[in-house]
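Multiple structures are listed underneath, in structure tokens.
Shared between the two complexes below is subunit A, which has subunit B as its partner in the first and subunit C in the second.
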Partner chain A sequence: MWSFYIEQLIHSLPFFLKGLWMTIAVSGLSLLAGTAIGFIWGILRASRSRFVKPLIGAWVDVVRGTPFLVQVFIIFFLLPEFGIQLEAFPAAVIALTNLAACFICEIVAAGIQAVPSGQMEAATSTGLNALQQLRYVILPQSMRIILPPLVGQFVLLIKDSSVVSAIGVMDVTRVGWLTVQRVPQGLLVFGLVAVLYFVICYPLIRISNSMEKRMSAGVTLNKM
Partner chain B sequence: MIEFRDVHKWFGELHVLKGINLKVDPAEVLVVCGPSGSGKSTLIRCINRLEPIQKGALIVDTMKVHESKTNMTRLRAEIGFVFQQFNLYPHMTALQNVTLAPMKVRKTAKKEAEDQGRYVLEKVGLGDKLHQYPAQLSGGQQQRVAIARGLCMRPKIMLFDEPTSALDPEMINEVLEVMRNLAREGMTMIVVTHEMGFAREVAHRVAFMDFGELMEIAPPREFFAHPKSERTKLFLSKILTH
Partner chain C sequence: MGRLNGRPIVYMSSAMLETFNFRVIFEYLPLFWSCFLATLWLSAAGLLGSLLVGTLACGLRISRFKLLAWIAGVYIESIRSTPLLVQLFFFYFGLPSLGFRMSESATGILALTLNSGAYMAEIVRAGIQSISHGQVEAAVSSGLNYLQRMRHIILPQAIGVTLPPLLGQAIVLVKDSALLSLISLSELTRAGQIMTSERFMPAEGFLTSALFYLIIYYILKGLTHWSQKRLIYMQT
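Entry: the complex of A and B
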């Protein structure tokens, strides 16, 4: 019996690989765009700007305070009401990009604020402008604080990407749903789904861990 | 060179500078002392607008610091600032610390900036520490790198905010020595410090600050021999017995 199911599963392996590719495409695009936007938002959020800062803060709170599934539904089903019709794929990428940007924004802002204020004062007093201060003095120091949780966040977001299967994106999770209707062995099918996610996430987990170790070692070596 | 005219500064409700009037001439060395919380740091931080002032006029090298439209980036390049806590960039070597601003602000070519950086670091006695990171240097060495960082911009004014207070006693002198040399070369300096030996020997005038006011300002000999106000006397008796 088992061997029969396994054989069927092997037959649908190309289908799974397509799903895996879709998961990588959705998460990859979203993480790239989300990281870029998240850094910009995070820098603004850590700045002194009176106007943009609370705006970003409020948006981040709204996004973090609502289920991702609901956000995906809003973008896919509700935006058309306002004349914005999106395919499932761009809708998924937009939703996940926004989610990524919000989480990354918080990580980046925290990393910037962790740099002692004397660093900014020293840079200011030598005549560096705000952008130069950020680029040469603040960000290089913040990166050590930002990188480990950033990579950790990537892992969470890749797993969150499974939610977009709900609007019909053919990612690994959706392939699992469709397969289990032909191969009624939930454990086997979703075991395979889990393995495929793990294959993407595990290297990232390792990277994050080793960065964290390197960083805590570096702190003692490189005290202010 | 530096002129305060009835300068007031508030932190929220707290009135920190209460009508400061002060003129510092080119090549003058002014030492400022006074009890903790009296506003000494705030006074010199206003000069390059690390802190904005709320009332009065503050003119530095013909530029009006009190006017919000004044291009501070340009003025700051002319003013070196040395902090109590050094505030060196921990991810850069000594040489990188001192060449960053010349390269990015003055647009000096890297080679030239490094030559100058080497020269200035040698001048403060750190010619052999060019490629060390701040964490590998002692407190006194770090503070000398911080002074070199200011000097590499070829400033017209150097401001010092308790540059030796965070140092172990045996390192204080190496830093004061660098400052003495600077004064001798004719640098305009305002030094917040409680090193009264330095004040006596190097300062042209010594000022006593208390509760946000300049209580007394006089040449060192007069200042130490015949302090006018009771509070100056009290303060001096406290720190000179140390």
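Entry: the complex of A and C
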């Protein structure tokens, strides 16, 4: 009995790998775009602007306060009402990019604010302009605070990408859901799906942990 | 799933948005209210369960028995490296194939509890480690008994350290409980789905769900800020 099901699973392995590729595509695209947008928002959030800062803050709160599944549904079902007809894939990428940008924005803003203000003043009095200050003084120092939670956040986002299977994106969770209709062994099927996620996420968690250990030495030094 | 294909539907629905239908929202308000309560109780059950599981996992993780510590480690790492949705389907489709029949809500609470427990273990450990050994020794030597030590020395400090991340985990749990709609449990997200499928009003449905979630979020966030202030007050 079991060997029969296992054989069937092995037969549908290419299907699973295709799903894995879709998961990597969705989360890879969203992480790239989300990191870029998140850094811009984070820098603006840490700035002294009176208008942009609360605006980003409010948006981040709304996104952090609602489930990702609801956000995906809203983007998928609501944008068509404004005449923007989206396939499931771009809708998923937009939703995940927005989520990534909001979380990364918070991490970046916290990292920038952790740099002592004396650094900024010194940079100003050396005659660097705002961009140069950011590029040569602030960002290099805040990077060691930003990087470990950033990698940890990547793991959370890759896991969140499983939610987009609800609107029909053929990612590895969706493949599992379709397979379990045919091979009624939930433990086997979703065990396999879990292993595929584990293979991606576990190394990233280890990287994040080791980064945290290596970089924390420098951070304590900075504070003194 | 219900994709909106074809132009006529798009035109029809864009006309719908111009008349955002509050009347129908009012009509569905009893459904949303009962689903709101369901979300609250599912996440509360998950929080309570995960607190127990997390404490147990944390206790095993730091125990001297290598095997127990290893088992707890495998549990924590494997939960943290896989999505909640996959864990949910694992139990939902997997347990019946082993012969266990559980209701949807029991399956949902089980998945939430086990998922959140792995994160809770870390929070509990931070709480335990925050109290230095010297404090306990000092309390013993000033003649406090076990209950008094707990009441006056250990718990006030441990709760102060644990409460903010605990509330953060509660926020995560409330949001995670949205996934239970995918195994057709009636909670807030499901209410939006029901409204979409019955009246074809995704805007009204999902935005109302989002609003209810935001209410919970802002309350919990306010509590987090309050507890953080308390924490600083206790430390100084």
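Going forward, the second predicted complex is superposed on the first by the 218 of 224 C-alpha atoms of A that agree within 3 Å, B and C clash if a C-alpha of one lies under 4 Å from a C-alpha of the other, contacts with A are read in each partner's own complex, and residues count from 1 in each chain.
Quick note on the criterion: contacts are C-beta pairs under 8 Å (C-beta built on N, C-alpha and C of every residue); 3 or more make two chains touch, one makes a residue touch a chain.
Note that the structure is a prediction, hence the values are computed from the model and not measured.
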{"item": "Fit or clash - subunit C, subunit B, common subunit A", "value": "fit"}
{"item": "Contacts of A:140 with subunit B and subunit C, given as first, second, both or neither", "value": "first"}
{"item": "Which superposed partner A:90 touches (first subunit B, second subunit C, both, neither)", "value": "neither"}
{"item": "Which partner, subunit B or subunit C, touches more subunit A residues", "value": "C"}
{"item": "Superposed arrangement, angle subtended at the Cα centre of subunit A by subunit B and subunit C, nearest 10 degrees", "value": "110"}
{"item": "Partner chain in contact with A:124 - subunit B first, subunit C second, else both or neither", "value": "first"}
{"item": "First, second, both or neither for A:54, with subunit B first and subunit C second", "value": "neither"}
{"item": "First, second, both or neither for A:202, with subunit B first and subunit C second", "value": "second"}
{"item": "Which superposed partner A:132 touches (first subunit B, second subunit C, both, neither)", "value": "first"}
{"item": "Three-chain overlay, closest Cα atoms of subunit B and subunit C, distance in Å", "value": "24"}
{"item": "Subunit C-contacting residues of subunit A that also contact subunit B", "value": "none"}
{"item": "Residues of subunit A defined as touching subunit C within the complex", "value": "61-62, 64-70, 73-74, 77-78, 80-83, 85, 88, 155, 159-163, 165-168, 173, 176-177, 180, 184-187, 189-191, 193-194, 197-198, 201-202, 205"}
{"item": "Residue ranges of subunit C touching subunit A (in the complex, touch as defined)", "value": "1, 3-4, 9-10, 13-14, 16-17, 77-78, 80-87, 89-98, 171, 174-179, 181-182, 189, 192-193, 196, 202-203, 206-207, 209-210, 213-214, 216-218, 221"}
{"item": "Partner subunit B, residues of subunit A touching it in the complex", "value": "116, 118-119, 121-129, 132, 136-137, 140-141, 221-224"}
{"item": "Sites on subunit B touched by subunit A in the complex", "value": "48, 50, 73-74, 76-77, 79-81, 83, 85, 87-91, 100-101, 104-105, 133-135, 146, 149-150, 153"}
